[in-house]
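Next up: some structures, all given as structure tokens.
Heads up, the next two complexes both have subunit A, just with different partners, subunit B and then subunit C.
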Partner chain A sequence: MATTATITLTSADIAGDPVNVSKTATCTKAGATTDLDQTTGLNRVHLRSTTNKVLLAANAEGNNLAAKVYIINKAEDPTLYVTITINAQTVGKLYGGDWMFFPWSQTDTAADIEVAATNWTSSTGDIPVEYALFHEDTDFLTNA
Partner chain B sequence: MATTTAAISLSSDITDSNVSVSNTANLNTAGTTTGLNTMTSVTKVLSSTDDVDLITTGSVSTTHAYVYINNPSTDNTEFFHIKIGAAKGSSGYDAETIGSGTEPDEEIGRLYGGDWMFIPWDVDDDITIKPSVSTDMTVEYMVFS
Partner chain C sequence: MATTTATITISSTDLLSDELALTTSATLTQTGTATGVEDTTGLARAKVISTAKGTASGQVTLYTADDFAAIPYLYIKNLDTTAGNKIFIYDDTTSGDPLQFQLDAGDWGFIPMHGDKTYKAYATTNPTSIEFMVIGKDQ
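On to the complex of A and B.
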């Protein structure tokens, strides 16, 4: 069982020469060539809270193990964003259409991944977010 | 303004029903449809296990950027700690243990050989890096802002 993630970054005009970067990672267990074997699958939530909500709860047993996280803001309005934090440390904002993919250490027992629909109002409508976790933890993570 | 896209193709057969995701994002300035116009592309060789700044807030003039980091090593056992916060230098990182209240602020994840990551960055704190070994390790990164 294999999980692969390919990124392609392209631009014809951000530099004097075209940019075209493509890289494929095969998601394996920490320090090994063995494939990751657990996943939450693809999930979808509709956010309407301007305060942080736990998207993925950290598990202390996840420390020193591999975990990969994919999150995308599916809002069609480019002004609507969700703020991504880990243990209250803001990482960045995903605007409508933006995605992120990153390894997750869970070195802190409080290293939850949280999201907030920071500029949501009752008139903007919910912000749909999809996410998936691929991991090797011995215990299944609890999703909030 | 420039047009820059970031596409991901994610596939997994861990579950009985496979996961297959493809999405493309246009890299725009915050909350607009105006393309970003600045790019930095760097390759560095690191030769110690110190926790050092990789991308500083001072190197970006906006409050919204996208960061791509790649570990091109073919050795699956070698990795980088990628963190947001002040660099710890040669001490203070490994001594911080779970539950001690002095954990590194905040390790995002460990980028093993062959892995890449792509995140939005709010440019509030530096992005730091700490190699797992002191032999030469190469890291590649790009910042779009």
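On to the complex of A and C.
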């Protein structure tokens, strides 16, 4: 039951020689070669708040279990961004079109992944965000 | 102006009852503009020889605070092949050096950073090899 995540970074002109990085990770359970077997599926939310909202709630059972998170800001306006926070620490800022993928460390129950549409106003319109979680056996709640 | 593209593909033929095939690409641009990022550290390879954060030596500095203008994009991969040999990425700027991410053997991460924090890495096992690269606009 293999799930793989592949990143490809390419540029013909950012350096004197082309950049072409392509790496694949097989998503496995923590400290094991057993494949991850659960997912939230791809979720879509429309953000209209400048304050943090919980995108994925940490679970005490999740500490030291494997969880991989994919988040993308689907706004077409490149100036609209969302701020990603874990444990009150800003870990990422996604402008329109940007995505991130990272292993989620649920070090404690305060390690929720929170998101805020930081420069949203009533005139900008909602900021659509899509996300998916791939994880092992613990329950995750989503209430964004 | 350089054109740099980051593509992710997540796929599985058996995680769900239907095939999973998710692909998306982002053209990496300077903050809030359509202008492409111009600078990169290049792909670096290093051995992490520290198994602790804080004052211990041997951590690898992945990114130095404010080295790039927002948004710097960090790519990092744990090259180890033994499950459980993790890389821990922590914020060396904030008091208490809070843990940001941990990558098990073979894991990679791609993170558009806020850019105002220094990120360092330590490992479960000495040594653990990593590759990493920052792409953005130098300042």
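Please note the rule applied: the second predicted complex is superposed on the first by the 137 of 144 C-alpha atoms of A that agree within 3 Å, B and C clash if a C-alpha of one lies under 4 Å from a C-alpha of the other, contacts with A are read in each partner's own complex, and residues count from 1 in each chain.
Methods note: a contact is a pair of C-beta atoms (placed from the backbone, for glycine too) under 8 Å apart; a residue touches a chain by one contact, two chains touch by 3 or more.
Note that the structure is predicted; figures quoted are calculated from it, not measured.
Under the clash rule set out above, the superposition-derived model of subunit A with subunit B and subunit C contains a clash between the two partners.
In the superposition on chain A, A:50 contacts neither subunit B nor subunit C. Look at A:66: by the touch rule set out above, it reaches both subunit B and subunit C.
Using the contact criterion defined above for the overlaid structures, shared-chain residue A:121 touches neither subunit B nor subunit C, since it reaches no partner.
In the superposition on chain A, contact is made by A:26 with both subunit B and subunit C.
Where the contact sets of subunit A with subunit B and with subunit C meet, they give residues 1-15, 19, 21, 23, 25-26, 28, 30-33, 35-37, 39, 41-42, 66, 70, 72, 78-79, 81, 83, 86-87, 89-95, 97-105, 107, 132, 134.
Of all residues in subunit C, those touching subunit A in their complex are 2-16, 20, 22, 24, 26-27, 29, 31-34, 36-40, 42-43, 70-71, 75, 77, 83-84, 91, 94, 98-104, 106-114, 133, 135. Contact residues of subunit A toward subunit B in the complex are 1-15, 19, 21, 23, 25-28, 30-33, 35-39, 41-42, 60, 63, 66-67, 70, 72, 78-79, 81, 83-84, 86-87, 89-95, 97-105, 107-109, 111, 132, 134.
Against subunit C, in their complex, subunit A makes its touches with residues 1-15, 19, 21, 23, 25-26, 28, 30-33, 35-37, 39, 41-42, 66, 68, 70, 72, 78-79, 81, 83, 86-87, 89-95, 97-105, 107, 132, 134. Considering their complex, residues 2-15, 17, 19, 21, 23, 25-26, 28, 30-33, 35-39, 41, 64-65, 68, 70, 76-77, 79, 81-82, 84-85, 98-99, 103-112, 114-122, 124-125, 142, 144 of subunit B touch subunit A.
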